[in-house]
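Both complexes shown next keep chain A, but they swap its partner, so chain B is in the first and chain C is in the second.
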Partner chain A sequence: MKTVTLLLIMFFFSNLGASDIEWESLILEKMLTSMSSRNKVLIYTKSIKMKKIVEYLTDARVRVTKNCKRADFVLLEEDEKELCNKPEIVFNYRIYLHNQNAVGVFFWQKGRPTIRFSLKRLEQFNLQVRGELSKFVSSNQ
Partner chain B sequence: MRLFFLLIVVFSTLLQAYDIDQMLDLYRKDSDLSKKTKNESLGHLTIYTRDDLERMQAHNLGELLNSLRSFRYNENMLGMSDVLHTDPSLYSSDTVKIFINNHEITSAYAGSGLFLYGNIDLGFVDHVEIYEGSTSTAVNSEPAIITIKLYSKDPVRESGGHLQAYGGSRGTDHENVSYAAASKDFKYYLYASRSDIRRTHYTHENHDISRDYKQKHALMTLDYKNIKVGAEYIDHKADPFLSLSMFATPKDGDMSYKLKRVSSTMSFLDDDSLKLSLSFIRMNEHLNFNMDRTLWTTNNLDVMFLPQDSFVVDSVDDVYSAKVEKKILYKANTFLLGADYIKKSLHDVKSYENGLLDTEPTFVDNSIFGLYMQDDFAIAENQIITASLKRNQYYSKTNRAQRNFHTLQTRLGYIATSKKSTFKAFVSSMEIPTEQYALAFAKTNEIELLRIVDVSAEYARHINTATLGFCLEYLQNQNSKILIEQKDIPKYYDNYSASIKYDYDFDPFNSLKSMLFYNRFHNPVNITQESVTGGFVRLLNTYEKFDIYNEVDYYKEYSSEINGYMYNAGVRYRATPSLIFSLKGVNIFNSAATSRYSYIKMNGFTPEQKSLYMSPIDSTFSVGMEYSF
Partner chain C sequence: MFHQINSGIINKKLFQFVILILIMISFSFVSYTEYKHTLKETTKKLNEKVILFHFETFSALNKIYEKDTNKHFLEAVKKSRKLRESFEDMLRLIRISTIQNLFVIAKDKENNFYFLLDSDQNSKTRSNFMEPFEPLGNFWNDCYKYKKFQIFHHHNTKNLWITIAYPIIENNQTVAIIGADISRSLYANIQSNLGDFSNFFLWILLLSALWFVILYVLTLYFRKKAYEGYIDPLTQVYNRKYLYDIVLKKLSRNYQLFMLDIDFFKQVNDAYGHDTGDFVLQEVARRIQRFMRSEDSLIRYGGEEFLIYTRDLTPQKALEFAERIRGNIQSSPIVFNEISCHVTVSIGVNPYAEKEKPFQEMLKKADEALYEAKISGRDCVRLSK
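Up next is the complex of A and B:
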């Protein structure tokens, strides 16, 4: 099955190719769904780039809301002042370090894309990372 | 639109088969920065991505220059990188231009920075683009038939520190350290390396022939909003290899180059369509050669009876450049309009021959004003016609030939791309002034401009996960600079090149690349048509935490004994995401094709021409490690 899937993937790559934004949306989706077992995950963002990434999300459970207070997660690209006090996923390690609501970060480090979750902040929002992404949970930050 | 979303869903579903580590790795490979910098309209392109460089464990640029159609890595009689080396010419690669982060590295004396950068350490490099054939007039300040572009690592992606060290055969060792950080407006990347490269030594007539070198290298890039600044320092000390010895009998000597470079690029307007680039390069050169006889000794009595020759030169080589370029989009046209100014200055030259100060040493003070324009006209959705034109006006104050004159470059191209195929064709005509080192050998002031006509076409067909490609090139040289040294040879000479390539991706982590080429060229030294065949096969594989590299390069010249194959292999073990161990062998069986270096052997009172054959690629094994923090 895996061989067939690989061939299909290669066929897909050769005919379409994957853009950065497609990869970013897939990995973001993995992060979001790993933190929630609910049937619906509401996300909120003001960032233009994040809104484009969100357009490529394919998991029906993940939906976008225009109301920050209704959101389960907020996506932040840069320093933005959010008042709704929701768990945040950020895309910059510097923001992750300083923003106490940032439960997860997806960023480049040492030439590689990296994921990190903060155990302390996950607990603060009563969240838990399940499945294969749990290895990215760090108790240091 | 429905198809678009369907494809996204299919794509997403298929990728669920991968675990998160593989997905991150696929993302890293797919978002390689070369996709943002490459420009298919510039010529026939070969890219070494970050992933390629890491898995091939490419330590030096020279290792990447052996699997190309029109040249191979080669060195001149001083051990300098000279990929178009033609024995017995001193240097042949002035039409090979090299760039770092889109800033051209050049020199007043040699016309190209390749002699110093051709085997530069690659620790700071993210990816490499090599354009074979003529490139757009908007790229090079002066014409080129090969353009090599290095791009340093991106501070946003590097964030953090990195250490790398390796040691190898004959006591070679190299260490580098880098650090990068980025905030919203401010980003920087710092790199420093130290190399002690021990090459294979040869013995000729009881003289040791060595091209060992030591190099210290530092590089910095700094981005602040729309301003990018780069600075670089290289301290290169080398043994003189054959130096300028007529008998291939060099004695104690040394060469050193100290390079300092600062450059900046500023972009203006909302769409960054206006760019200003500034650059300054200073190279302090010191050559100290001792030998039985210098190459240029012609008097037989001198050859027989003069005592040992020595040649010592100190000089300062400065290059200032400024370039302003505006991109204009108008209907189906993308216009590039630009102007550049380059001042090349070789000064403070102190030259001693056999201890006697040369009272009229070579100096150079050239100013070049260039105006260029390019139009990429989209005749259909996936087809463009590219046309470019450049006029350079030279104001020369050198004490050698060629005063004030102008040169013209023209280029016309057609590019068609589709999901299944790519076709490119280019026709260009270039006029090139003879470089100063060549003029120094001139017997006449009536030196004409070198003219090159280049016609090339390339077709690549993508069949599922395979790519099959063909490339043909015809290149005509008129007034080759070799004419300066020789008489009674044709004014024109023709070169033909044909290649076929086949690439196959077994899956995203396992790939094969291969190429075969045939070149037929006129050798201006022997006044004969000569043929070369060559090729390579490269396999890059990943098995769990191991990256495995295998490559065979083959090269054969039909008119000489130069032929051989080179087998390289390497294994990288990713112990953790931050710690990597590596083992690599280059030219493992010491069977790579050699290069020829002519010398004179006296048979009584009669000089006879002989040749030494030495490989520009040493057989080397190395063990290394990398640590990120």
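Up next is the complex of A and C:
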């Protein structure tokens, strides 16, 4: 099912001629909305690349905040020291392994999009992954 | 008459041209279909060659792994970092430029794939030991399940063309998979080379089409010129060459010949000049044509002599036809440059002409009837006996 989900996303977007950044924003959007059932999902990021990806988000529920403390999720591109202790989505597997706040990771590996959620860390933040991405929750980390 | 002929020729030619174009389109379509089929087959064979080449390499690699780990590949690789490094060196040795990624993966207890080995040395792109591997396509699971190598053609990814999954089997169980991503650049390279062939093929088709059109236009031009040779330039009716080349070849079983001569034409020429004489000839030809059917032929036989070829007329009808022509010509004077000429014609008719009999004999009878009309006082019609 994981394969089917990823293939469907890839097929849909490759047919639309989507760029990498559109791809990444779509997957990010899916990751964020699958972890929150609220009407508004506030995200915070300092990364320039992440800010660009965020511009492509299409779901009106996902909004950007400049205040880390108000954010529901923090997007981390590099291994930054974040003080507001919020659940993080990271884009590097190495950071995901070591950052205890990283609830999810999305990265490209050998040309394949890879998504993982950490069950332990999700529970730590009282979060749950719903819908089609629940298949990517792993108990290993 | 000439316009009639021309329009006939052009309509016929237009029809032929349409047919020719249709044939050309069909030919081009068949050729292109055949070409595409050949191209597809060639691409398929090239792909198979590429796959076979990699398959043999992986088979050899598998044997080395078996030997070096004494058929305990997974355990040995998991335990020893040194062994992993050594095996990754081997992967790098066999990784040729067409392989984008070359790695070995295995499955954990939760049935998730993870990396064991990766030939990539770049710290930013390499996948480390135990990192998750996200399979795209079910062929990885099939490879595990069926213990047979699998080939997957990528359609939705930018850089990957084919992925080969080769199982490492121990005790009749798949313990790991050698994965190789063949770069799309190889595919692009093959397509680019075949593309040159496509251009060549299209040029051949284009030149053939052009050659067809040139040939057709030339044929049309020469046929038009040939037809022009059958037309009398003064009166724009058929000439005697047409009579012998065309009419004689398509004679009806029963036909009629009308020999028509303008009375005292020499006097018109002498009194009013040749321009007037020429105009009289043209006008007489025009007046005759008013009564003719499309299947009849009017031929300028000599100076002021015309021959009419008809078919399917009874002697009575032939006589009436000739009388109508004679009456029409003499009914009103021919006016040219304020000169009014009262012109009459004499007509000799052979209504009994038969295809089986010599044409010259049939013509002679019409001519004899004309002679009779002349000696009977002119401006009259006589039937042959």
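As a working rule, the second predicted complex is superposed on the first by the 123 of 141 C-alpha atoms of A that agree within 3 Å, B and C clash if a C-alpha of one lies under 4 Å from a C-alpha of the other, contacts with A are read in each partner's own complex, and residues count from 1 in each chain.
The rule we apply is simple: contacts are C-beta pairs under 8 Å (C-beta built on N, C-alpha and C of every residue); 3 or more make two chains touch, one makes a residue touch a chain.
Because the structure is a prediction, the values reported are computed rather than measured.
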Regarding the shared-chain residue A:132, is it in contact with chain B (first), chain C (second), both, or neither?
first
Determine, under the contact definition given at the top, whether A:93 touches first (chain B), second (chain C), both, or neither.
both
Between chain B (first) and chain C (second), which does A:116 come into contact with in this model arrangement: first, second, both, or neither?
second
Which partner reaches more residues of chain A, chain B or chain C?
B
Using the touch definition from the top, say if A:66 reaches chain B (first), chain C (second), both or neither.
neither
Applying the document's definition of touch, where does A:56 land relative to chain B and chain C: first, second, both, or neither?
first
After overlaying the two complexes on chain A, where does the chain B footprint on chain A coincide with the chain C footprint?
2, 6, 10-11, 14-15, 93-94, 109-115
Residue ranges of chain C in contact with chain A within the complex
100-101, 103, 108, 110, 112, 127-128, 131-138, 155-160, 181
Chain A contact footprint on chain B (complex, rising order):
7-15, 17, 19-20, 23-24, 26-28, 30-31, 50, 126, 153, 156-160, 162, 182-184, 419, 462, 464-465, 505, 507-508, 577-578, 628
Give every residue of chain A touching chain C within the complex, in rising order.
2-3, 6-7, 10-11, 14-15, 93-94, 109-116, 138-140
Listed in rising order, chain A residues that touch chain B in their complex are 2, 5-6, 8-20, 22-24, 26-27, 29-30, 56, 58-59, 78-79, 93-94, 107-115, 132-133
